[in-house]
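Next up: some structures, all given as structure tokens.
Below, chain A partners chain B and then partners chain C, in two separate complexes.
For the complex of A and B:
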């Protein structure tokens, strides 16, 4: 048996190599753009799943941090021209600070209040982006392009190198989040999700654990925002609009909340769906809404969860069939 | 920041009158939407994320009826009844399936419905901004109260909303339907055991909420510009109202709504850039100091 962390790292490396090889096999700039968008949204959605799937905290204002990442990175780059890695770290720091303040107020609220108060804070940030024209450019967005000076021999103005950079950030982000959810902290978070009262009795500081999760999720979401702003070379108020959060919640639900890579699957599905719908239908919201209704009321769980459960059910059925003559106790014990 | 303008206004009677009436306008519209939100939450324990869409539908219905009949009374009736009917359909087809379910599903279903309703409005009425125009009955010179300018329609709007508040308060306190609603908010299983059709009751409460939101839309139509998506900002603001006033409390919704209206109008004078931020600040303060809201019993 391999150690799980080592296995994850190996899987991550394989994933990166596959992504890196992709443009060599299929020469298409549409594919490159698609993967970059997947990286941005995938990090954003997976970070939301830290809260929804592992923490049981349904945030409806997660788009705040996506927008925050895009704007703070864009503003830092336009105004100071510091090296990109430093600017990214600084943007993550800003997002963490905001998440700390918002989370301090929100994480002790009950489920439905949590959802809506996070949404309210997101709308606050959105309205400030619109109102604070000298810094953010108002409803026109942060225009004029974001300078992308080369660093360490990497030139992000080149689409191919940006692609590799985004893929690397995606893999690093996913590995970090994977590490978080399989750490003792991750299991504490799951325990609080399942029974906060009991977790409290066992001496766990529920408030602090939830707040930590909220801050971490905010940071990873802002990393998604940074990739997005690098990709579009700007930042727009829509990044911080509520539909962004709605989309992320849908992605999480579409892919599944139980499997770690569920939100990634959801991201790919939603982007494909979006591209398809905008190509064939004029009324994008109508079609998307109907699809969401079918998923939410029909399937009632994410696609990857659905597949995993189905495989699991098949395995147990087959296992049960082979065990009919003499059911062994060890088999039942596992 | 412009504190001078704020203090100048606070000492001038005419400015106060103007600002307070416009604050009340915002507050009354918010109240009609928020009270539905709070009733629906009180009984069904869900936050109806689609509520703003019914406000929008009300406004569009009012505009259309007004264009055909040229009667503002009928327009208001059309707004309220139209929103109510759509509300019943939405509740029966979709919302009933997510009562008591997990919050994720509730939010998703509502999110989908908002996308669909906004797009349907875009298809039927077009994506551009629309204006209904002031009904002839209110095209009269404004009143001057202590030097402040007050359009008569504003007084009508405030009176109509206040009347609704009183009727609603009495109905909840005195009538059989009101008692059943209060009982169901307390313990729906028990109410069901006592032989009351709770499914029907839930539909009734939802329809009542939509009717009020539609009415608010109808009242707003002459003074607001109509656009698909206009429901969303009022939804967030009504949610803030219910958090400030306390979920499930009608009086709380009224006080919270007026408070928010005043914060908006006076905030626009003193802190033009951060008017919105003031509302969220008020919400944050209430959540920290009194998590159950000013008039609520249950902690957030």
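For the complex of A and C:
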């Protein structure tokens, strides 16, 4: 059997090649824009699922880090003009630092308190963005464009190159998160999600594990923010508003929390819905609301989880009709 | 050897553990019985550090455990399985054990490598084998039978390589057949590993058939101790607990 790490790398490479070939097959700038937005939101939603699906920590304030990534990157580029890769790393560092402080306070809290205190921190940062006009541009956002000096022969001012760059960041980010959830740390996180008391009895430092997960999730969310700010060449207060966090929760619910790629499926679904519905319907919020109700009440799980469970059930039925029927409990990320 | 001397724990006016003195020889298998409210679970909570005694001493191989934290006591060698199996429902048996062994080795925070770590495989397989779950290692813990969940809980305690294993009602909530299967496994485990095993049990048939040594608690005090034969015929025990049915059987 193929080693799992190798298999994931191969899948990642294939994914990148498919994305790279896409614009050659379908010449459409709308498609390019769509994929870049998928990259930004997909990284953001998948990072939220590190907390929700794997860690059992439902954050309502994850948008904080998306906004943090967009603003730090934009401000760094506007003020220093340092090479883009360096600015990205620095932005991730800023997000990690903020996540460390916010997480240190939040991850001790029980579910509902965790959800609301993360939301409170997000609103705090949002207010700071609005108020700190000289640095952030206030409610007008970070305007005037973000400079994109070429580096290593890559010119991100060119939309096609930006597309490849975003696709590469997406694949790298997904592979890194995939590695995290497949590491001993990832399994420790699942243990804590299932039974924190028993995990403590086994000598696991519950607080430290949760905090590490929170910081990592914050960093990947900010990478999504960086891509978004490159795409729109700016940063806006909405990136750090609660609706942004809500959108990520929405995506995770749509796509699923068990399968690793559930949030990616959710992202594509939401963006398709968004683009389609706004074109044909006047009250697109109403349509989106009905769709989420169908998922929550009808499927009772995200789309990819639903499909995976269906395939699994079919296989068990075929494989062992005579054996004891395997009950399928509410599965969570494995 | 686990020695308990003059242990006292009171909740308000109730002395749940009232001047208890007893010892468990290394490698022994002992059952603790007693009516509801006799202080059995409190006694276990004191031994594991979940509760602090008001006075008295607990010594494992001569060293006092009284002022240590739960974690330190676990590391000194007192393992515990819970009354309600405390497991990780969404992990398979093998994943649970691999992750527990990683934690025991202090590697639970590793991000650099893939799970499972090669260094954890042998000990994991050994612990799963000890409780007889090898054939169910790929089963999701949530889908295990009650008895197997309990055995998995015991296996989790075994990961830490305890000198003393405390089992709080290992057969609680099971049907008769499963009870015997689980308790036989516990005895087998004791025979092969020679870990000191102490278990709380309500089913007298199990106690009398499995445990070479029995301690009876009543109202927080030690009412009697001895072999099954001695306990069966002890008038104080019969009056407090067993009733006439067992008197006749004896």
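Going forward, the second predicted complex is superposed on the first by the 321 of 334 C-alpha atoms of A that agree within 3 Å, B and C clash if a C-alpha of one lies under 4 Å from a C-alpha of the other, contacts with A are read in each partner's own complex, and residues count from 1 in each chain.
One rule holds for everything that comes next: a residue touches a chain if its C-beta (ideal position, glycine included) is under 8 Å from a C-beta of that chain, and two chains touch if they have at least 3 such contacts.
Bear in mind that the values here come from a model prediction, so they are computed numbers and not experimental data.
By the touch criterion defined above, A:204 lies against chain C but remains apart from chain B after alignment on the C-alpha atoms of chain A. Once the two complexes are overlaid on the shared chain, A:24 sits clear of chain B and of chain C alike. When both complexes are overlaid on chain A, the residue A:124 reaches chain B alone and has no touch with chain C. Contacts of A:246 after superposition on the shared chain: chain B is touched, whereas chain C is not.
When the two structures are aligned on the shared chain, A:116 is found in touch with chain B, with no touch to chain C. Residue contacts after overlaying the shared chain place A:286 against chain B, while chain C stays out of touching range. Put simply, chain A uses no single residue to touch chain B in one complex and chain C in the other. Taken together, the chain B residues at the contact with chain A in this complex read 45-47, 94, 97-98, 102-109, 111-116, 118-120, 122-123, 232-233, 236, 239-240, 243, 273-274, 276-277, 280, 283-284, 287-288, 291, 299-300. On the chain A side of its complex with chain C, the touching residues are 4-5, 179-180, 182-188, 190-191, 193-195, 197-205, 208-209, 212, 326-327, 329, 331-334.
Those residues of chain C lying in contact with chain A across their complex are 70-71, 74-75, 80, 82, 86-91, 95-96, 98-100, 102-104, 106-117, 140, 142-143, 156, 159-160.
By the touch rule above, chain A contacts chain B in their complex via residues 52, 58, 60, 105, 109-113, 115-117, 119-121, 123-124, 127-128, 131-132, 242, 246, 249-250, 252-253, 257, 283-286, 288-290, 292-293, 295-297, 300.
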